[in-house]
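One chain, chain A, appears in both complexes that follow, with chain B as partner in the first and chain C in the second.
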Partner chain A sequence: MNRTIRLAVNGREHSLEVEPRLLLAHLLRDRLDLTGTHIGCETSLCGACTVLVDGRAVKSCTLLAVQAEGRQVTTIEGLAEGAGTEQLHPLQEAFWNEHGLQCGFCTPGMIMTAHQLLEENPEPSEDEIRHGLEGNLCRCTGYQNIVRAVQSAAAELRGG
Partner chain B sequence: MSVLLPASLAEALETLAADPDLVPMAGGTDLLVHWPQHTELHERSYLDLSGVEELRPHRWETDELVLGGLTTYWDIIEDQRAWNELPLLIDAARQVGSIQIQTRGSWAGNIVNASPAADGVPVLMAYDAVVVLESTRGRSEVPLSGFYSGYKEMRRSPDELVTEIRVPRRAYDVQIFEKVGQRRAQAITKVGVAVTRSDAGWRVVANSVAPFVCRCPAVERILEQGTEVRGSDDLLPAIREDVTPIDDIRSTAEYREKVLARLLYHDLLDLCPSFG
Partner chain C sequence: MLPAEFDYAAPASLDEALALLAGGTNIRILAGGQSLLPTLKLRLDRPDLVVDLRKVPELSYIREEDGEIAIGALTTYADLVASDLIDSGVARCLAEAAASVGDLQVRNLGTIGGSLSHADPAADIPAAALALDASLVARSEEGDRTISAGDFFHGLWATALKPSELLREIRFRMPANGGGAYEKLRQAASGFALVGAAAVAEMDGGTIEAMRVALTGVSSGPFRLHALEDRLVGETLSEELVREACDKAGEAIESPLSDAHASAEYRVAMAGVTARRAILRAAGQWR
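Up next, the complex of A and B:
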């Protein structure tokens, strides 16, 4: 039995009729064309599908779309828009500048998780960054540049 | 498949009373893993509790911490009082999956999901937590240590929801939590143990070594009585009395027994004069 859900994605209100079994990741990609949210493993392991729901990082492959009823969802696309048109978010800039990616598949999830991390801890240590990103797998970079990118973004966001 | 979305606890309990076959769902972090492939699960009907806001908050009373039925691991990680007073809750919460799972997963969900490898359950049990169940028939309380009776079998009727978890506030002089897994994050426990000592005595709780998370009364007796323990092997007879580990995809029974004995021995060596 389909049902209609209301949710805000990147600040835009949507009212959508969905199948109850539809995952949020598929709603974002297939219905709203927000393909920046990647689907890697569908086993809640790789973190590529991470988005923010009411400001908290969640894996959108293990959340039904109907569970996002009434919530505010932010995807990687919303992060860029949030900082102004054509203007990347400092985390996106930092991943670019510090070469925090190679193939880029894990990058949206890495950035969304790092976003929550920095919201709660504006000056994380290297250990805290590594612990915070444990739910996101990268098979290219070896993580060093990802950690550097988060440190660089943290400094930028603190005004350093 | 259908998903019902009650907006209040009263509505949730009435809906469940009318159809006890509904599967209650909180964070869904376990139910929804590999969801597109598990098509048999798409045939069921679910009671999603996301909208029951009254179940979300936790509160500190004079003599207990009360977790709500939807309180997440992250809610507790964010609470500095929990770091100070009940640090094992933090130790366990930070090792459940990863941040994205900690923000969704709930303590009550961990209890009723009833995995033998649950990481939230051992620490709650070592703190003598009590499970509060509610249905339209009324409210009941069950000590977590007596909640399970077999693999995925528990003292929860199909029309009941876990609405609270009551954790006594006591002074502890021993608080230990150990999790052994393939890696630190996002790994299912091969063997785990929580140990506490307070005025109420020793509590030793093990996970991944029995059909359900359980206390280890024979090991607790050794600690209460101050029986001499000269090496980790001396703990094995008591461990074999308390738990029944198996060989499975993650580990072997022999490894689990030995590692449990060594964790206990090395963690308690400096704390127990009878250990030498």
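Up next, the complex of A and C:
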């Protein structure tokens, strides 16, 4: 039986009728056209579908849409100040500047996980970044530039 | 990848959840969903009803009561990792086990009660619960039933819980002279334990007053190494003693697992190594 849920995505309130088995990743991509959230492995290993729910990084392929009822969901599209402008979030800027991506498939998930990491630890060591991003796989970069991008964004966010 | 269709309920209280459990069959309880969702998506399981506990308010807490720690079943791994109380004394084996689960995203959602109830043979939390000699409080419409961790695990994904019961709390003693540690060799792809060892030590100066050691990942379920524990209790702690006692610890494993990730021989050999490391760190906190 379908249920009507209310949730906020990138600051906008939505009321949607969903099947209980619908995954949050599909709700975001297919119902709200927020295709920045990627679906990779579909088995909760790759982290490409990572979004923030109430500020915490979760894999949206491993959460039912109904579980997000009443929550604040943030996707990569909602990260930049004044969404829709050219002004990127410091993490987005840093991934660009430090070449933290090649194909870009893993990037939205990487950035959302890194977002929680830097909220909790504004000055992480390289080890802490690598440990924090364990749930996000990249098959292009070898991670070196991703770590640099997170370090660079951390410095920027600290006002360095 | 969608699960098969199911009915869904999100009860607002524990009583309402228990009434649902009592009133049907083929029901699954959804806590953090980090094991249930993958299982449903792969259609390894097709429940008629999923009871989501997210609106039940009284199940997420970490409290100290009368020298015991009480943890609500919906407490997440991330909550455990962030708790100063859990990062101390014997409880540290639980903090380390929780920190070693999956990855950040999984730890944000997965719960202690979910892990124990799911009873994956390679899960980390069950070993810590055994080493802590925890009491697991199950609730049904009949009331509470306390199950000792030693009686809780019944092999592959099986526990002492009845279909009408829901695990609501985990309790364990917090002795002043205790230390705990968890050691694990991770399966590289999944992060599950190839071999995991949890140890809890109670020390009187350099003497081992009590020792509990549990393994996970090596057979059909987690279990205590009673013979190893008996060998250590009453002795003066030394690296030589622990090394010698752990040397053959792996031989206590009945039907050791053998799969693509590690042979039975490897698991048996590493069981002693991880147990030794866990014991030395648990006891060493009090040297």
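The rule is simple: the second predicted complex is superposed on the first by the 156 of 160 C-alpha atoms of A that agree within 3 Å, B and C clash if a C-alpha of one lies under 4 Å from a C-alpha of the other, contacts with A are read in each partner's own complex, and residues count from 1 in each chain.
The rule we apply is simple: a contact is a pair of C-beta atoms (placed from the backbone, for glycine too) under 8 Å apart; a residue touches a chain by one contact, two chains touch by 3 or more.
Predicted model, so just to flag it, every value in this text is computed and none were measured.
Visitor: Would you check which partner chain A:Val66 touches, where first means chain B only, second means chain C only, and both and neither mean what they say?
Guide: It touches chain B and chain C both.
Visitor: Output check: A:Thr50 vs chain B and chain C. Expected answer is one of first, second, both, neither. What do you get?
Guide: both
Visitor: Quick check on the superposed pair: does A:Glu123 touch chain B, chain C, both, or neither? Answer first, second, both or neither.
Guide: neither
Visitor: Looking at A:Asp30 after the superposition, I want to know if it touches chain B, chain C, both of them or none. Which is it: first, second, both, neither?
Guide: The answer is neither, since A:Asp30 touches no partner chain.
Visitor: Identify the overlap between the chain B-contacting and the chain C-contacting residues of chain A.
Guide: Overlap of chain B and chain C footprints on chain A: residues 1, 3, 19-21, 23, 42-45, 47, 50, 56-59, 61-64, 66-67, 69, 113, 116-117, 132, 134-136.
Visitor: Can you list the chain C residues touching chain A in their complex?
Guide: Chain C residues touching chain A: 1-8, 10, 30, 33-34, 37-38, 40-42, 50, 52, 54, 78, 102-106, 108-109, 189-191.
Visitor: So in the complex, the part of chain A that touches chain B is made up of which residues?
Guide: Those residues of chain A that touch chain B are 1, 3, 19-21, 23, 42-45, 47, 50, 56-59, 61-64, 66-67, 69-70, 113, 116-117, 120, 131-132, 134-136.
Visitor: Over in the complex, which chain B residues touch chain A? Could you list them?
Guide: Where chain B meets chain A, its residues are 1-3, 5, 28-29, 32-37, 42, 46, 48, 50-51, 74, 78, 94, 97-101, 103-104, 184-186.
Visitor: Under the stated contact criterion, what part of chain A meets chain C in this complex?
Guide: Chain A residues touching chain C: 1, 3, 19-23, 26, 42-45, 47, 50, 56-59, 61-64, 66-67, 69, 113, 116-117, 132-136.
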